[in-house]
Every structure is written in structure tokens, then in C-alpha cells.
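The first chain written gets the first letter, and so on, giving A, B, C, D, E and F; residue counts start at 1 in each chain.
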Amino acid sequence: MNERYERGLARQAELGGPGATRARAYDALADIAPDLSRLAVEFAYGDIHARPGLDPARRELVVLGVLTALGGVEPQLQAHLETALNVGVRPAELVEAIMQALPYAGFPRVFAAMTVARRVLQSRDLLPVPPP
Amino acid sequence: MNERYERGLARQAELGGPGATRARAYDALADIAPDLSRLAVEFAYGDIHARPGLDPARRELVVLGVLTALGGVEPQLQAHLETALNVGVRPAELVEAIMQALPYAGFPRVFAAMTVARRVLQSRDLLPVPPP
Amino acid sequence: MNERYERGLARQAELGGPGATRARAYDALADIAPDLSRLAVEFAYGDIHARPGLDPARRELVVLGVLTALGGVEPQLQAHLETALNVGVRPAELVEAIMQALPYAGFPRVFAAMTVARRVLQSRDLLPVPPP
Amino acid sequence: MNERYERGLARQAELGGPGATRARAYDALADIAPDLSRLAVEFAYGDIHARPGLDPARRELVVLGVLTALGGVEPQLQAHLETALNVGVRPAELVEAIMQALPYAGFPRVFAAMTVARRVLQSRDLLPVPPP
Amino acid sequence: MNERYERGLARQAELGGPGATRARAYDALADIAPDLSRLAVEFAYGDIHARPGLDPARRELVVLGVLTALGGVEPQLQAHLETALNVGVRPAELVEAIMQALPYAGFPRVFAAMTVARRVLQSRDLLPVPPP
Amino acid sequence: MNERYERGLARQAELGGPGATRARAYDALADIAPDLSRLAVEFAYGDIHARPGLDPARRELVVLGVLTALGGVEPQLQAHLETALNVGVRPAELVEAIMQALPYAGFPRVFAAMTVARRVLQSRDLLPVPPP
């Protein structure tokens, strides 16, 4: 096991573990592309998320913006909403972060992201979200 | 002048003014679609940026994520990088925010966004950016 | 209830009501982001759809073009196909509008949009569509 | 010259000629991919634009929606704004069509499209556009 | 039946038949837009896939790149993964082709494409894929 | 200098050097985000392009498909068209690869990519491209 992979795993652990969503995604591809999950740990976590200079909560807010704009990436959106909660982003802040994408990415992408957020918050018994 | 428009203008002023980039964009369309700039103030700023529950710096990080992922939106990217600096995001944090998009939006979108960031930081004499 | 919201609701009513699809989308997010549905009524309908200068059928054709190109926005596509029928766009015109996206957005986006259109037309007993 | 190509050329002529913008695009690629321009005439115009069942103005409104949403396609946007004017879409309707994309594609894509529209209208001495 | 359509059908047959996935997509839209399937055969296969100058395996690799980047186009991705196998692309090469999109389209699009590839390979009893 | 970076540089050298386009992109960001260029070498080249199991020409064809579909990524498109020529893809094959994106990504993205290809081929005195 190389240094980047270890650093990536360590960072995932600090972020609350890879989480059920992410672990399922990794396992599901083990028999076709085991390197894909390894590279996700090494590059996304070991090389990028583990960088200094921006705290984990702020990193997750950037990622939420990216994923909301991309569209069609529900598994990643779910995983990063879970991570955001793990690193201390409050439910009402998550909702605001998705709302903030409205003028730039439009209503359809925001409705889609909010629908995923609802599922994540519901699974943690965090609904209804109090207004900010 | 309606309440939303006033709230939008006030929020823009708090965020450091509409900024030269944004003001130019608004003026340039005055003879074709004056309502477009008005709606940007009313909706983007009066309805969304002015919402409570997430501080301006975090809002701008979400917007950076969205704009980096969309691609081809340099004027808005420039305007929001300026706003992010205005509300206290440090240059090294801006760079990290754009780096954080790498695993999700890929290198080409990140190179494009970083090129705009370089122009903004250079115009404020903030280069070179010290490593985090 | 403010003026924009009322104007938005009125315009939705003129367009045949919010429709079952849209109403379900709004209800589903009531406990996480009630402002999102309100803003959809205020901004999308009160500020934009209610504008003069372009008739509702033509507005819906623009929206169909946008949604077909975006991809991954089935709920909105379904809602706007329903609205288009409500404001007098004939089924064969709807089909042609989606076909017209082919050279610009490519076959995959058009197949996806046509599949949603088929579901909408079937639910209204409007299949088969007579050739133009 | 085959039947589709002739039908495509005829339809382009009915739409006001290929227009300077489109002709330049075709000529510019003559020494690398002459089939690309031929296929644009055959498929986009001979197979699609020439279809019955939706009038040319409405077809152009769909195309405007698609191109606004795609982003980064200025030459095509310019060509189709010219065509839309040729087939009787009034300047104020063009502006409204682009405004209508706001809730779905967001402000950045709409600002970009409006900037191209401004250039087209200016080149035809159609500015300022009277409010609807 | 015209020459392009025949050429398109012939090319589809050479590529291993339209395949179950593609045939189902065509049939499903027969009562709403029969011309859409016809044009897919004529344009995508008769005009493009049937061109000389690039062998079918290489054409499918380009298509995989396009579809992976677009996102949200699972039916087409599935059909073209099947075609790629039919024309001799080995399973490990398919996996590598999708991996190659990582630095440019990002992890979420690649995870989505790999998930479809897994389904296709599993349906042909080609799992696990031996490492390259 | 780590092993991945060295492997990435070695692979870039095998692919004909980073090329003028890519080198300029790297240099231009040295004072804002030097890690971005390093990670491009390490991840894109050391981790991905250097993988076994798919030859360099085929890898570049996938990348061309991805970049054509993304749109707005001219510097990367130019760099990879140069690389493709370096690893033996013939000009007529490059043209065909871009043409092959037509049914999936549409004409505007293909015109944009072909325009970049024309510039690259012209700079190497490879125009006109003989028909396949």
C-alpha cells in the first residue's frame, strides 16, 4: 500500500469514513475496475481532499456546487452530502448551499440536488430542516 | 424601485459593490435587455445571495464550484472570484477551492478556471500565491 | 402573499394549473426547502413566464429546447410537455420540436426527451401521433 | 448532388440564405472536412429543418433554447439568431426567448446568449429593442 | 427504402446487429416518432459509422469518450459498449477506455460509465475482467 | 521528484513531449497553482496515460471524444490533437474521429473541435487533408 493511498484512506476516515454510499460504489466495481476505487482514494482523497489550505467543510461546499451543476451524479452527491454533515456543515447550511446554485445552474439541477439532500437528511432523522 | 431590487443592491454593496466586471456586463446589455440586469440584482442578489443561513464566503465557494463545472462562463467566474476576495476568502483558499474541483469536473475545466483566477489575482497584485 | 407569488400562481393557472407532476415536485421538498417551490412560482412564473412579448406556446418551445439540451431533467421535461399541450401545442408539433434538437444536441438527448414525451402523450391517450 | 442536399439548400434559401456567419463557418473547414458542411446541409437542413409540422419560427425558438443551454456555441447562436429574424421572429420576441431560458439554464448562459443577440441586432440596426 | 437507410442497416449488421438494447429503444418510440429511429439508422449509421477512414473499433472508442462525457445517456452507452465488444474491442480495453476519461471528465462520469460497462460485461459472462 | 511524476514525464516524452501548447499552459499557472501542473503530470500521465492495456493512439481517440463533447476546452483539444498525431494517428483519421462525434454531441461541438483540428494540421503543413 503506497503513501498516497494511506493518506487518502486517512483523510476519508477523518471525513467520517468512506460512508455506506461510497463503499457500495467501490465494491460494486471491484470485479471490473478495481483500480478505479484505488485511484479515487489516492487522487481524490490522498492528493486533493488531504491538501492543506482550505478546511474540509469549505471543500465539501465547493464539491456540492460542482456536483449540482454537473447533474446526473446522484451517488456522488449523496456521498458528499453525507460527508458535509460529518464535517460539521449544518442541515440548514446544506440547504442554503444548494439554493445558492439557483441563479447559476437553474431550477432543474437544484430540484434534483435538493431531492438527494432530502433523502440524506431523512435517513439521519434531520427533517424537517428549520428555516435559517 | 421595489424591495427585492433594493435588497439586492444592498447585498451587492456589502459584497464589495457589483464590481467592475459585473457593472460592465450589466451596462453592455442595457439597450437590448435591461430587465436581465434588473433580474440579476433582484433574483440572484435580492432573493438568493441575501438569504440568511450561510455566510457570504461559503456562498461564493459554492458558486465557484458551480461556475467551474459549467465551463464557458468566464465573466461570471471573474466577477465571483472578485467577490470572494472581497468577502475575505484568501488567495490561497481560492486556489484550493478551484483545485478541489479536479476529481469531479476534470483538469480542463480546472485549468480554465485557474486561468481566470490568475488574471483576477494579478490585477490585485496578489501573485505569486504562497503555498498553503 | 406577495405580488410576484400571486402573479406566478395566476400564470401557472392560465397555463393549465401547476399540473400533477409539478405539484408533486413542490410537495416533496416542503420539509427541506419550502422556499425553493415558492421561488419557482415567484421567479420562474411570476418574473419570467408571465412576461409579455412572447406567447406561452412559444415560451414552452424554448423551454423544451433548453431541457432537452440539459439532459437528466425528466421531471421538468414532463411538466413542460404537459404545459405545452395545455397551451395549445399539438402533439405532432411537440414531436417536431424535440426532433428539431437533433442536429444541435445529438441523438442521445433527443431519444431521452422523446421517451418522456411518449409517456406524457400516452397518459393523455394521444398516441399514436399522426405524422405531420 | 443528391436530393437531401438540394432540399437542404432550398430550405436554407427559404430561411434567408445560409447567412454570412454560416457560410464563413462552412468555407473555413473546406480543406479539412468538406463533408461536415455537406452533412450540415443534408442532415440539419434537408432532414430536419425541412420537415413539415412546425413552422420555421417555432423551429428556431427550439434551436435557440438548445444553443443557449449548451453554451460555448457562439457561431451557431449567431447564425440562428439571424435566421430567426429572417423568418419573422421580432427582436423583442428574440429577447424574450432568451430571457425564458433563465430559470432553467441560469444567468451565465443567458448573459452569454444575450451578448451574441446584441451583436446580431446591432449589425442590423435593430437596437435599442423596444420593451415588449 | 432509400440508399442511406440500407447502408445504415448494413453497417449496423456488420457491427453485430442493432443489438437488443438499440432495437428496444427504436421499438419503444414507434408510435410517437418513427422517423427518429429511421434517422438514427440513416444519419448515425448510413452517413457516419459507414464512412471509410477509421476502423469500427476506433470509432466506438471515440463514441465511448463522447457518451462518458455527456452523462445521463445510459441506453446509448450500453448499446455502444455492446457494439465495441462485437467489433473486437477486448473487455480490458473497454475498461481502459473508460479509465482514460478520468482526468478529463472526472470521477463521477467515469463511475457512471463503468457501472454500465459492468452490466454489459456481466450479461456476456465476461467478469471478472483480467487486469491489463 | 516522486515515482509517479517521473513516470508521467516519461510517458509525456514518449507521446512526443508535453508539446508547446501544454508547456505554455503549465508555465502560465506556475505563480498561482504550481501543484496543478504537477498533478496533471502525476495523475493524468503517471496514473492514467501510462497504464497498460490500451495503446496510446486509442487512448487519444477516447480523449478526443471526451473533449469534443465537453466543449469550451480548446487548449486541451489542441494539445491532444498534437499528441494524437505524434503517436501515429493520421490526419484523415483525426478528422474521422471528430466526425464520429456528430450523432452524439451534435454539429456545434463538432464544428468547434474541427476548427481546432484545422489550426493544428495547418501548423504542421498537413492541409488539405486527403479524403479517406
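To be clear about the criterion, a contact is a pair of C-beta atoms (placed from the backbone, for glycine too) under 8 Å apart; a residue touches a chain by one contact, two chains touch by 3 or more.
Just so we're clear, the structure is a prediction, and the values are computed from it rather than from any experiment.
Peer 1: Identify the chains adjacent to both chain A and chain F in the sense defined at the top.
Peer 2: In this structure, the chains that contact chain F and also chain A are B, C, D, E.
Peer 1: What's the fewest number of moves from chain B to chain E, given that each move must go to a chain touching the current one?
Peer 2: The fewest steps needed to get from chain B to chain E is 1.
Peer 1: Where centres are the averaged C-alpha coordinates, which chain has the largest centre distance to chain E?
Peer 2: B
Peer 1: Same residues or different residues where chain C meets chain E? The copies count as same if more than half of the interface numbers are shared.
Peer 2: different
Peer 1: Starting from the mean Cα coordinates of chain B and chain C, work out the distance between those two points in Å.
Peer 2: The computed centroid separation for chain B versus chain C comes out at 30 Å.
Peer 1: Could you tell me the distance, in whole angstrom, between the mean C-alpha positions of chain E and chain F?
Peer 2: That gives a centre separation of 22 Å.
Peer 1: Where the centres are mean C-alpha positions, what is the separation of chain A from chain E, in Å?
Peer 2: 30
Peer 1: Pull out every residue in chain C that's touching 2 or more other chains.
Peer 2: 35, 39-40, 43-44, 51, 67, 70-73, 76, 95, 99, 102-108, 131
Peer 1: Of all residues in chain D, which touch chain A in the complex?
Peer 2: It is residues 102-108 of chain D that touch chain A.
Peer 1: For chain B, which residues count as touching chain D in their complex?
Peer 2: By the definition above, chain B touches chain D via 25, 28-29, 31-36, 39-40, 44, 67, 70-73, 75-76.
Peer 1: Which of the residues in chain E end up touching chain D in this complex?
Peer 2: Against chain D, the touching part of chain E is residues 35, 39, 42-43, 47, 51.
Peer 1: Where on chain D does chain B make contact in their complex?
Peer 2: Those in contact with chain B are residues 71-72, 95, 98-99, 102, 106-112, 114-115, 117-118, 121, 127-129, 131.
Peer 1: Could you pull out which chain A residues touch chain B in their complex?
Peer 2: Against chain B, the touching part of chain A is residues 40, 43-44, 48-49, 51-54, 58-59, 61-70, 73, 76, 92-93, 95-97, 99-105, 131-132.
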